[in-house]
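Each chain gets a letter, A, B and C, in the order it is written, and its residues are counted from 1.
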Amino acid sequence: MGRSVLHDVIITLVVSALLIWLLPLMISTYTLTVLVIYGMLGLSLGLVWGFGGILCFGQAAFFGLGAYTYAIAAINIGESTLPMILAVLVPAVFAALLGAMMFYGRLADVYLGVITLVVTLILFKFVNSTAGPQYVIGNARLGGFNGIPGFQTLNVPGDPAAYIWGDPYFYVCAVALVIVFLLVTWLLRSSFGRIAVGIRENEVRMGLMGYDVATRKTVLFAIGAAIAGLAGALFANWGEIVTPNLFSLGQSAEIIIWCIVGGLGTRFGPIVGAAGLAYLKFMLGQQSMIDNTLVLGLILVLFVLFLPRGLVPAVASLLNSIFGGTKRKPKPRRMRRARHG
Amino acid sequence: MAETVLETSGLTMRFGGVTASDNVNFKLKARELRCLIGPNGAGKSTFFKCVTGLLTPTEGHVYMRGQEVTGWQPHQIASLGVGIKTQTPNVMDALSVHENIWLAARRFYNVVEARERADSIIDRLALGTIARTQLGQLAHGERQRVELGIVAVADPWLVLLDEPAAGMSAQDVDRMTEIIHELTRFAAVVIVEHDMQFIRSIAQTVTVFHQGAVLMEDNVERVMSDPQVRAVYLGKKA
Amino acid sequence: MDLSFVILVEVLYGVASLVLISAGLAVVFGMMKVINLAHGEFMMMGGYATITAVGLGVNVFVAMLVIAPLVVGLIGLIVERLVIRHLYGRLVDTMLATWGLSLVFIGLATMIFGNTTTGISTPIPGFAFGGYQVNGYNFFIIIVSIVLVIAMYAVLRGTRAGLIARGTMQRSDMAAALGYSPDRIYMMTFFCGSALSGLAGAVLAPLVGLVPTSGGAYIAKAFITVIAGGPSLIAGLVSSATSFGLVSQFFTFAISPVIGEVALLIAAVVLLRTMPQGITGRFFKGKL
């Protein structure tokens, strides 16, 4: 087992290093940065939904909360290290409270969907209505629908004058994504991750085994929100402005579409789906013949109807059938049985 | 004198106007094997659900090893070291046999020990050939056996089984009987069952439920020949 | 006295518009357990159908009460045949697919009508009551929704089709065993539900400026009202619309319209947390 973990880590590092080196040759780093950030956002919902079975219609709420926390803290503090940490913590704490409220009440399915959606709407409406000068946190005006511009962007920790922007910022985001990806991989391999998958499969059974399902779901939900918050903070730095649109239902819908298209229950799927679709949207934005909302909607409908498992699992099983079963799965089975045989 | 591991006093459960469980007083000693029988709607399953925490009784108390557990969540009760199997197979379909049993063991043991325990119970239950197969692809009898493995892997001192033999082949039932006997070496076992054949082959003491209340509680042979019990069963079947 | 009358009308209007917004979704959800997230866009299309018809010289009431429901009903029929019927019984998948549809409709409307606000003027003038200006059109909305609820009740209670529909709601397998094709029933239900959405969108169109993304404003409210209402179609619809209407209007008057909206949403969260089966899952059990 230890060897296959090492194997996975090395492959991840090699592939991501190649991508980080090659992709800027094809796409501008400015665009790539936002694709990477969306990839991280997709991964956050992919973790919660694909491995925890928690369908959250409001992942955008945590994304926006992260971005706003960063912006407000950066204006007040005047450097970026502590704001980045807060941007991870605030959404996580918020999600833990929200999750505890839902999961200890044993809400599931549609009800979960309604509540997360409603909470997103509340945040959206509230932030939208804070245009007046009375809505101030410290030195930061919330600015309502105009958003918050002009905050301190990312700097080298300890040196507020050394801004990180342009190409270096892309590398920071890409490395952040790789680290988050490895952390998620580790989490899913740990007992916590395997128990989370068990809960996704059968909550009642896991409860009868003695697992505290509500607490575990709450924790997983908070971890997903923390990742979304980090993505939000990185997005705020990239855009140099935060607006209420980060909380919008459209944003939430997009995250869900990324996961569906990329493939649920995989780690790569949501990242690939997010980056791919965001790039497609960017390309569609360059022309005016077809409305890009229409294309995204059509993609979602077609995937739900014809490829509900998503791209990555479909491609994986296609590759498997072409190369006659690369024997990655059966092999450990034989080994383990021999060991205890 | 063996200690009492499970006790209920005045356990009552009402659904609207229906009293599904009516003032049940029940006692179970350590390592005892007890079958609960009764016609459909007699209140066995309601009693079972109240004891396992799936339902909160309207009135009365449940004690396990002297600890009051009335109104506890199922996971709290299971954490005491109680193995529970519900009526329908309740397993993780997308996970393998080994993963299912490992998850149950992991609750009480560390990663390494959980794997060893899972491996050993898989051997004992003769599930070795299908250890890496997803539960969703298995036959009903095999799934039932896996669930028994889930219950047994953590060395419970009290095991509650709701209709473990339902829908199993004769061969599967024989194996099940063996496993349950093995369990009683360390644990007290409560079995809710319909199948008289199975009960005869396994039980010593039987508690008969009728209309939510305990009708009688005695040795299996005496219960089977009791005219009142026969009337209850035949009356319902006719 | 004058003020209390005005407030009464406003509260009634708040409740009535929630009933109107949610009726189409409630029919589809109650009958088929399908959450149609394109519901808001169905309403948006009802609005555009009305405006287009009025532009072509049709009487505004005919456009609102006849043409819009028919047009949107037909669109619903096509959607049901092409997409929804493949997904029955898969609640989450239908939600996702209809969410995709909603984006498709927004895109289509943007391409056809452009991304600008259009509108029609209110066909009923306002009037002064005491010292206050009352919007006459609010009465129309209140009346339409009362008629709608009575009509729904009458159809479900008093007609053969309603009986079959109620049977299907209870046990679709038994209805099928009795020889009623659930496929046909679902198709008709979806048509009716869509038509109701179209009607609602049309009737509300004069009160709002219409843009292709207008649907988003409705869907959340409708979704909340229907889920909070619970299993009973009409009792659930009316009871949850009343609760939410009261809460939101109270806070609108007490503080501000934005707080009113937020209060509605918070009320929904509290309600679902305390009654996960909806209002009619706890009260009014077994009613229609």
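Just so it is clear, a contact is a pair of C-beta atoms (placed from the backbone, for glycine too) under 8 Å apart; a residue touches a chain by one contact, two chains touch by 3 or more.
None of the values given here were measured: they were computed from a predicted structure.
Visitor: Mapping chain-to-chain touches, which pattern fits: line, ring, star, complete or other?
Guide: It is a line, because the chains touch in a row without closing up.
Visitor: On a CA-centroid basis, which chain has its centre farthest from subunit B's?
Guide: Taking each chain's C-alpha mean as its centre, the farthest from subunit B is C.
Visitor: Can you figure out the chain closest to the middle, judged by Cα centres?
Guide: Taking the mean of C-alpha atoms per chain, the most central one is A.
Visitor: Busiest chain-chain interface by contact pairs, anyone?
Guide: A-C
Visitor: What's the distance between the Cα centroids of subunit A and subunit B, rounded to whole Å?
Guide: For subunit A versus subunit B, the centre distance works out to 42 Å.
Visitor: Counting in whole Å, what is the centre-to-centre distance of subunit A and subunit C, each centre being its mean C-alpha position?
Guide: Taking the mean C-alpha position of each chain, the two centres sit 33 Å apart.
Visitor: Where the CA atoms of subunit B average out and where those of subunit C average out, how many Å apart are those spots?
Guide: Comparing mean C-alpha positions, subunit C is 48 Å from subunit B.
Visitor: Multi-chain contacts in subunit B: which residues touch at least two other chains?
Guide: Subunit B, residues with two or more chain partners: not present.
Visitor: For the complex, give me every residue of subunit B touching subunit A.
Guide: Within the complex, subunit B touches subunit A at residues 52, 73-75, 78-79, 84-86, 90-95, 99-100, 102-104, 106-108, 111, 119, 123, 128, 131-132, 150, 154.
Visitor: Over in the complex, which subunit A residues touch subunit C? Could you list them?
Guide: 55, 101-102, 105-107, 109-111, 113-115, 117-119, 121-122, 125-126, 128-129, 249-250, 253, 256-257, 260, 290-301, 304-305, 308
Visitor: So in the complex, which bits of subunit C are touching subunit A?
Guide: These residues of subunit C touch subunit A: 35, 83, 86-87, 91-93, 95-97, 99-108, 110-111, 216, 220, 223-224, 227, 258, 261-262, 265-266, 268-269, 272-273, 276.
Visitor: Applying the document's contact rule, which stretches of subunit A touch subunit B when the two form their complex?
Guide: Subunit A reaches subunit B through residues 191, 194-195, 197-198, 201-202, 204-213, 333, 337, 340.
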